[in-house]
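To start, the structure under review is shown below, and the notes come after it.
Lettered A, B, C and D in written order, each chain numbered from 1.
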Amino acid sequence: MSGETALALHDVRVTRGCGDGRLELVHGIDLAVAAGAVCGVVGETGAGKTLTMRAVLGLLPRGLESSGAIELGGQRVDLATPAIARRALLGRELALVPQNPAAMLDPVVRVGDQLVEGVVRRRMSTPAEARSRALELLSQVGFRDPERIVRLHPHQLSGGMSQRVGIAMALVPRPRVLIVDEPTSALDAHLRIEILSLIRTIARAERTAVVLVSHDLGLVARFCDTVAVLYAGTIVESGPAAAVIERPRHPYAVALRAVAPRLTATRRARLTTIPGVPPTPDSIGAGCPFAPRCPRVEPLCRELRPALAGPPQQPAACHVVNRAARSRAPRSTGEAHAGRR
Amino acid sequence: MVRSALARHPFARLAFSRLAQGVVVLFGALLVCFALSAATGDPADALTVGQIGADSAQIDALRDHLGYGDPFLTRLGDFFAHALQADFGSSYRTGGDALGAVLAALPNTLLLVACALTLAISLAIVLALISVMHRNRAADRSIRGALALVQGVPDFWLAVMLVLLFSVTLGWLPAIGFDGPRSLILPTLALAIPVLPTFVRLMRGNLLDVMKLDFVTSVRAKGLGERDVVLRHAVRNALPPLITFTALQVGWLVGGTIIVETIFAWPGIGNLAVDAVKARDVGVVQAVVAVTALSYVLLNLVADLLVAAADPRIRMVPA
Amino acid sequence: MLRRSTYEESFPSTLTRARFLQASATAVAALSGAQILGGCGSTGSGAAGDAPAGGPPQRPTGTFRFPLEGATTGFDPAYSGALLSDYVVVHAIFDRLVAFDPAFTRLVPSLATGWEQSEDAREFTITLRDGVRFHDGEPLDAAALKATLQYMSTAAGAISGLLLPPRYDTLELVDALRLRVVTPAPQPDFIRNQAFLSVMSPKAIKAGGEALKRRPIGTGAYRFARRAGNGGALVVANNDYWGDGPYFEQIDFEVIADAGARINALLTRQVGMAYRLPPTQVQRVAGASGTRTVSGDVWSGVYVAFVCNKPPFDDVRVRRACAHAVDKEALIRAIARGQGRVADTFSPKGVLGYAPPAVRYEHDLEAARALMAAAGHADGFSAVMCVSTAQYLQPQLAQAVAGQLEQIGIRARVEVVDPIVQSRALLDPAQKAYDMFPTDWTWLTGGPLLQQAGTVQSASRYDGRDLTAPLAAMSVTPDGPRRDAAFAAFEGAFSRQVPILPLFQSIYNDGLQQDVGGYEETPKNGYGPNFFPMYTAA
Amino acid sequence: MTRATSALPRPLRLPGLRRRTLPRPGAALWRGNGALRWGVLLLASLLVASAVGMLVLGDPNEQQLADAFAPAGTAGHLAGADPLGRDVLAWCARGLWTSLTVSFAVATLGALIGTAVGVVAGYAGGIVDSVLMRLVDLSLALPPLLLFIAASVVVAPRPATLVVLLTFVAWIPYARLVRAHVLTERERPYIAAARLAGTPAWRICLRHLVPAASTAIIVLFTLQLGYVLLWESGLSFLGLGLQPPHVSLGYMIAQGRDYLASAWWITTIPGLVIVALMLSFNLIGDGLRDAFQLDVEEAVHER
């Protein structure tokens, strides 16, 4: 899926509080998503996935500041500037499908009004245009009777239906980038597949770049083109989905893959777990955040935080793994980073 | 058949259950007001206050003559039989029908209460919005501080000062009575201002609760500014509790009007009620209590219907 | 013990424009302009404010709005004596046989042009004015007067029953306009009482029933039009009135129960006058531009009745100790704001029946304490004083008296109750609950009405011979030296026994718009202004 | 068996819901909570001032008729005197305690009755709930001031009768508030677990349901203190409040109503005391609410 980069994150950081109480929650994220491609962002709860996305959108809760920059359709936006200044992008170039489908819509306003509200209020299109666009999108996301759906109230929608409405709502302004925040956590199995394949087909059709935030490795493997594994606020590995999922390099990614339950597993096998607990932001020391739980930890890991390195299309932030990769098959660095596109 | 018919129309079911509850409340109110008026004495006492040389025998004779001498239970039965046909007997003072007198005075009180509520609620919404939009900044803190002060001011003191200032000293507004809209301004202020802090506090609390919900984030994600988020979404979600709260204040507002009507000589049921109790005009007292209880029930019904209309989730029968 | 629902002590005073600006300029706390409200403005009687320059208009013009204290209940003159609001309206509709001269010393003709009274006060011949018609067209004649007297004597429980003999030996029509009345027992006050009793239309009396109460028919300068909303009333000009007036097209009696609201209405020109201002507001109304006050001594006084049929007040020494302990001057200054005159007798000055007291009790705490010790209460005792919210000058007076009695060891607790609860307590023969009753009384007819009605006994439960004997004598002795002797004997015994402690005689003040004339002094019995001569200066 | 409930995991604290535990004592409640600090400071200073005033200024009921209407600032009457020469400042000092005790008594009684009714109604549900709620409706439907007037005609105003009278009205907001909390709390899994563990209903109510609403009750309690103060002065205006020798702020305010222009201090100074008291109660109420509010906001960051 070649195509120019729709969205690029450069050293995105999120800190809480100020003065001596400052605490960095997200430690410099770099990411790139190609138009029409689906990039999966994977990590345990509290790894900072959602915070990063909120930083990009400028929707951080009170008391948190973001820094770094993003590139959106050739425009460079500094995240340090206050969110109000950046609001122009929101709901035009950049859109969000929030996580919790039930609480995503205003309970007292009809679905139709909420769909068209964004574009109409910001005079991006006339009410009639917006209405037809909304109906068209509703049918696209799988509703056979959009006319009826439009008149319903949110509490009359099921989980799956409101998720579809959420997606349609985000797509009304034809955004260049769509951020989907754990769309399936509240849905049951078969619905998840439908929703995700829906997102992928629309992304390809509208050439929209999609950032899929999730903690479900299986879904990410199946629906995403590229994947970034997040741990304690940093990317520990990224690259093409197949490569990262099937042949993870970073010990954490390896552990994640092992943990994911397999249909093929024998019934008796105990579920493997990653020992220890993800570190809280204030307990991360100088070294690699995964060091305390890493099976292949070395003294070096505890002093120096590893940077993303190793094979260009599948970099990982781990001294041990990168050292092994360097020794095994040195390559010239000139090759184009396929994954980077 | 009725049950199925009701099942189909959520509003009808809501209204029916509210009315059923209302009947019970009304019945209780009539019981209390009969017991109350029996305890405070009857016209025979009042009539003989000024009488020279009246002795207790003569008073008892008058009491029997007026029909208040019979045993308690028979009078209770008789009272309910008449009350259910909206007949509260006559006012011994004016001779006219007691309920008629109350209904004649009711519109004046309702007008006053309606104006006061409209003013208080609209002002409360505006102030609450301002203080939520500038949360914990200068505007919010000053509004909350000022309201804490206003809340401390006794309502009768405020009414008296309003009259002193605007009608007696500056002569801009009439001091008493009800001749024309200008005479409505001061009483409305005197009734609305003491209630305002409570409304603002409630509205502000509701708004803050709503602003924490998830859908606010998705609205912001559409690129809409804080003004749109609050005005188009937060207010509509925060209104229903305010409506319910207002309907509950009926008993209090009638109480508040007693003070305002006394000071502004406003011909409402507050004035009427105070005179009736002092003069032991039993019929009028019972009529006032019954009308107030009925208006409480009806207003709460209206409030529930409004809330159900405003918030589609509450279409099912309330707890 | 005639009590009318007097005004409550609850008026907001106004900030005069100057003082208000001054107040708003400086912080409210530093209101330097407020001066002590000590001595009041117009002391003494009859000092009317400056009356308007213009005279009465040619034809009755405009509406005069008069605020009533409470809702009216009925307009039958026989009964409406009990409630002030009723009587004010009755006063505007009916005439009386006789009236008092401006100085209230002697009777002058009104509907009756002349009257003779026999030596033994049992026979009276009254000559009526010719050509006077009732509002229903009936002529005023001896038959009408006969019907009125018969009705008023027999009306059950009516005030008029006390002012007239229960029955008559003869009521003879000498001719169309002269009536001869012979009563079984002497009626020394028969003619004087006619200054209070109205003459009613015979046709209305014959019809009787509710109409008497709802549709009054009199001969006055104003006819009854209808009842108004919340218990008020409307009367309209009776153009063929025989006497002076009417000068208003109509009088609108509107109920303003709150005394403060009445004054505000006066100051904002929404009502023509505010009747009987509380003393605390006299200064304010007098000082305001556009309004004036009219004041005068009235036949009304403030008293404290002791319950004499049980200890401790059954001992006359205790009563006398209280008489010495109470400082009447201080009460007048602090509570009545100077609107009162020290009183030592039961009847106020100016009322027939007044006589100088045999004993005058100076304010002397030492003498009081000596009397208390002599009565065996050296370390004092506690007592309960019952005062009602409708009392003149409110419970403040009772608390002031209690404070003064405390100086001689009487720990008096003031219990403020509803007027009806108090009147029932007074009727209770055993008087268990209370020891003292601060109250106020008014003599409606200027004659010894309250003495003859047994007010002293019913209030204080004192029934010593030294009081009952002169009482019996005065009610049957025609005016003259022997009746005066009976009065003197009564007041003498009264001052010696002090069953009731007189405090002070009241001075009433009325507030009027500047341009309202024909109203030179507040009525002595404080019971309803005479509307007929009143006018708004052109 | 009795410890079963504590074995359960600490109740899941979802952000945004009203579930607020009692604030951790000490720092969090006090630190950075300006409203609460100012409120307590103001209340403490008022109490100290009135205590000192009572000692220094002597018996407020003592009358000096010569000093009637002495303006503020004259000798012996710093805040002026009333129509009977009683010192207004001494009256305020003593009056503050009387009014406070009355409002504390009423607010506490109201809290007890209201919470009891609220918990029973909320937890029992069904017929009991609707009966109790109709009782609440009934007392809301009847105008309280009219009831006070009627009652005052029968009973002389003494502190005890006043407290009982005002409590008839004071308990209603507690009942509604506690019932609302109990209704939401009742659905919580830990309540079901407690019931499964065989905990008797009354223990569940006392150990879990009431504490759950305790934060709201405390906030409402502080606000009620203020309201009762206003009711008492309102009653005095109608002549129904406490009469001397009981010393109440409402009495002095109502008594001074007639002389607002000439002797403004009689009403204004006790009025200011009430305004100050109300302000302190409101500040404390808001401070407590903000303290609990923090609980909820902290939860927001856990996502």
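FYI, a residue touches a chain if its C-beta (ideal position, glycine included) is under 8 Å from a C-beta of that chain, and two chains touch if they have at least 3 such contacts.
Quick caveat: nothing in here was measured; it's all calculated off a predicted structure.
Colleague: If you average all the Cα positions, which chain's own average lands nearest?
Modeller: Smallest offset from the overall C-alpha mean is found for B.
Colleague: Where the centre means the average of the CA atoms, what chain is farthest from chain A?
Modeller: It is C.
Colleague: Between B-D and A-B, which chain pair is linked by the larger number of C-beta contacts?
Modeller: Most contacts of the two pairs: B-D.
Colleague: Hey, how far is the Cα centre of chain B from the one of chain D, in Å?
Modeller: Spacing between the chain centres: roughly 22 Å.
Colleague: How many angstrom lie between the centres of chain A and chain B, each centre taken as the mean Cα position?
Modeller: Distance between chain centres: 55 Å.
Colleague: How many Å are there between the centre of chain C and the centre of chain D, using C-alpha atoms for each centre?
Modeller: Each chain's C-alpha centroid was found; their separation is 47 Å.
Colleague: Report, in whole Å, the distance between the mean C-alpha point of chain B and the mean C-alpha point of chain C.
Modeller: 40
Colleague: What are the residue numbers in chain C that touch two or more other chains?
Modeller: Each of 12, 14-16, 260, 418, 420 in chain C touches at least two other chains.
Colleague: Can you list the chain A residues in contact with two or more other chains?
Modeller: none
Colleague: By residue number and range, which residues of chain D touch two or more other chains?
Modeller: 153, 257, 260-261, 300
Colleague: Taking the complex as given, what residues does chain C use to touch chain B?
Modeller: Counting only chain C, the residues touching chain B are 1-5, 12, 14-17, 20, 67, 70-74, 81-83, 157, 159, 162, 210, 213-214, 227, 229-231, 254-258, 260-262, 264-265, 267-268, 270, 418-420, 423-424, 427-428, 453-455, 458.
Colleague: Mind listing the chain A positions that touch chain B in their complex?
Modeller: 57, 59, 84, 87-92, 95-96, 98-100, 103-109, 117-118, 121-122, 153, 155, 166, 169-170, 173
Colleague: What residues of chain D sit close enough to touch chain C in their complex?
Modeller: Counting only chain D, the residues touching chain C are 61-63, 65-66, 68-72, 83-85, 152-153, 156-157, 239, 243-245, 255, 257-264, 268.
Colleague: Can you name the residues of chain B that touch chain D in the complex?
Modeller: Residues in contact with chain D: 21, 24-26, 28-29, 32-33, 36-37, 39-41, 144, 148-149, 151-157, 160-161, 164, 208-209, 212-213, 248, 250-252, 254-256, 258-259, 262, 273-274, 277-278, 285, 288-289, 292-293, 296-297, 300, 319.
Colleague: Sort out for me which residues of chain D touch chain B in the complex.
Modeller: 15-16, 129-130, 133-135, 137-147, 149-150, 153-154, 183, 226, 230, 233-234, 237-238, 250, 253-254, 257, 260-261, 267, 271, 274-279, 282-283, 286, 293, 296, 300
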